[in-house]
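There are two complexes below, and they share chain A, which is joined by chain B in the first and by chain C in the second.
Let's look at the complex of A and B:
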């Protein structure tokens, strides 16, 4: 099993496509940080203008924690697409290239092969989030310094003390990992259904975009569907920056995300184990 | 037996791709699988490698049931199926590392060097596979198939895309595997002369059934040969041939060659008779018309199928 995992990781490392995600995150994060460093105060004034009519806002508002929070909010929407780019190709890419024939004639069960692919994709997702964390929080704190995190919501203002932010960021990254693992399992499942390399990637992206749109539209019909969409629960990471913490909501959403992973993987395993390889 | 296939069947919708197929492959033999396109050769080989699940029947390899001992069976098989596909974005060396490790190859680095030497890819192993020609990929495929020193090697149309030199080298390699290393090789090919040259036994598959199976020499012994004789006196040669009941044909415009149909046993008799009669013989060629044999066998099988229906 370790040999399989090593092989899958090697394929991801060697494949140029794998670096698109890291490159995209690097460019976006550095761009946001540069823009905020250059003109962050104007941006803050614009955001806080209504608030400053009622409150006297003092201190280093534009700090590393806020910068990391802004980046997280911006990028969490895009990251599933970057994950689908890798996971959607894991089985179908091999089928399209023809290497699936060789891979499946090696002395491993198909279940082991699929597990190795999922674990490799999970490691990729973990590294992607780690990279995001290092750039957003690490460089953010280095350039903008520490400070209390001001989370502005539509109907409330939450201030998280500087010493209370780090674990929340770790928790947010943890939930982000879980959310992206759902995307990974979903893309892997789609990847088992076809021998076309691009199809599952596009389909996964389209589904994520569609679900996200449904999740943001305030239509009564969609309100009925929203609890069943995994994208609804993917944004629960924001709740770890609330005060007091809504633990039941976080636990519930995390459980639903785990359930989605289990269902997607079960379907993938069931289909892949029975799949005849013709190409 | 190394491979025992019994009553193997596979359907794709209404199409019966493999129909109650029985095959046996003995140790240390090259077994040829012949058949027209769509006959069921590739489907059979894929079922042998558990890429396709049979509808019915059983496959035993090295005495192990493939359906229950898949892992042990695959450990002892090396293969190239259809065409040698590799990770194009990796070097040949990295591909061998990946597949060698997955085959549990001991002393992998050393084995890779030996196999690269054997297939003539030494010096190009660090190049990306996407820069390889088809022939080079085929060689890499062979290296990969042999890396873990398997007892059974399955090669599906291995000469496709190879140049004549490559075909000769491959043929010699297969014979080396059998004669010197004691390997069993199953070879599918549409080039009938290939099978004749290297296979010990063969099966002709048509409509998913083995229409004939046996030792190549025995199967082909009764087949007529096309014999060509080069002489400077064609009319006299033809007249002598008629005295022993052979109808030859030919003329000066053919470069002094005459041709006739005969069996393998007739060849020395014909040469001897012409020599005794004083006809100068400058060259003799005897080629077997395998195409005719192949077409006759497959047509007969189709007719029998039609008759059954």
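Let's look at the complex of A and C:
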């Protein structure tokens, strides 16, 4: 199994597209940090103008924690697309190249092969989040310094004390990992259905975009659908920064995300084990 | 007949004069108490109840030096009134700068208080009108309501304890008008969240509670303490 995992990781490493995600995250994070370093005070002035009419807001608001939070808000919505780019190709890409037949002649069961592919994709997701964390939080704290985190919402602000932020970021990264694993399992499932590599990637991206749009629009009809979309539960990482914490909501959404992974993987395993290989 | 009219007019004038002098004397007595404080430091606990802002209490230290130096040292983000907490006492220090009128009596927290309206002569100043509830027996301001040019109406309630001989409160409660906080979702990058319109009314009142303890008076604080970091 470890040999298989090693081989799958090697396949991801040699593919140039695996680095698109890391490159995109690096460019976006550094760009946001540079923009906030240059003009963050005016951004904050715009946000706080209503409150500053009544209060003298004291303290270092533009700090590394706020910068990391803004980056997470911006990027976590886009990251599923970067994950789909890799995991949507894991089976179908091999089918398209004709290497899947060779792989299946090896002394491993189809189940083991699919597990190895999913674990390899999960390691990729983990590294992607780790890279995001290092750039967003690490460089953010280094450049902007520590301080209380101001959680920005469209209709309220939540001030989280500096000493209470680090574990929240780790929890948020943990939930982000779970969310991206759903995307990984979903695109892996789609990947089992076809023999061309582009189809599952595009389908996974289209589904994520569609679900995100439905989640963004405040239409009463969509409110009925939203609880059934995995993208609705993927943003539960933000609730980790609430005060007080809504643990039942976080637990519920995390369980739903795990359930999605289980369902997508079950379908993938069921189909892949019975799949006829023609290429 | 003319004599009768003159007597009535004189009585009215005397009544008006006595009415004006009396509240100012009361204010002067309050000022005299506070004037004994050249400077002080104290431990400060702050509690916030501001519409659209959720934050935990903060602890810090407070420093004050006559006539108007005030500084809070605390870690993290704070929401404070735009004026320093002694803005009321500073505004009424110069009794020649305003007119003071008695506006009746009220009971505040079980104590009888004289209600005094203060109207500054300078129409261009920050203070437009102050309404003070003064405990005449203890010579303490129990409550004030300030109408300011830049911040609207600010209400302050005072609770006294250990340092009441110096007119220093143990607790101050500020009530400040706050407009509804609303920023575009794109600016807050707050997509996918449901807007709760009912939660926040267009305008509300924010409350800041300041708890003072461990007062240290007249330690000859240096100006360095008040310098911004």
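Observations on the model:
Convention: the second predicted complex is superposed on the first by the 278 of 279 C-alpha atoms of A that agree within 3 Å, B and C clash if a C-alpha of one lies under 4 Å from a C-alpha of the other, contacts with A are read in each partner's own complex, and residues count from 1 in each chain.
As a working rule, a residue touches a chain if its C-beta (ideal position, glycine included) is under 8 Å from a C-beta of that chain, and two chains touch if they have at least 3 such contacts.
Remember, predicted model here, so these are calculated numbers, not experimental data.
In this overlay on chain A, chain B fits alongside chain C without clashing. In the superposition on chain A, A:44 makes contact with neither chain B nor chain C.
In the superposed pair of complexes, A:7 makes contact with chain B only, with no contact to chain C.
By the touch criterion stated above, A:15 is placed in contact with chain B alone, chain C being left untouched.
When the shared chain is aligned, chain C comes close enough to touch A:156, but chain B does not. Taking chain A as the reference chain, the count of touched residues is higher for C when chain B and chain C are set side by side. Between chain B and chain C in the chain A overlay, the least Cα distance found is 38 Å. Note for the complex: chain B touches chain A at residues 46, 49-53, 70-72, 74-75, 77, 79, 81-83, 85-90, 94, 97-99, 101-104, 144.
Every residue of chain A that touches chain C in the complex is listed here, in rising order: 43, 46-47, 50-51, 53-61, 70, 73-74, 77, 147-148, 150, 152-159, 161-162, 212, 215-216, 218, 223, 231-232, 235, 238, 243.
Taken together, the chain A residues at the contact with chain B in this complex read 3-4, 6-7, 10-11, 14-16, 97-99, 101-109, 274, 276-278. Across the complex, chain A is touched by residues 50, 52-56, 72, 74-82, 151-152, 176-185, 187-196, 199-200, 206 of chain C.
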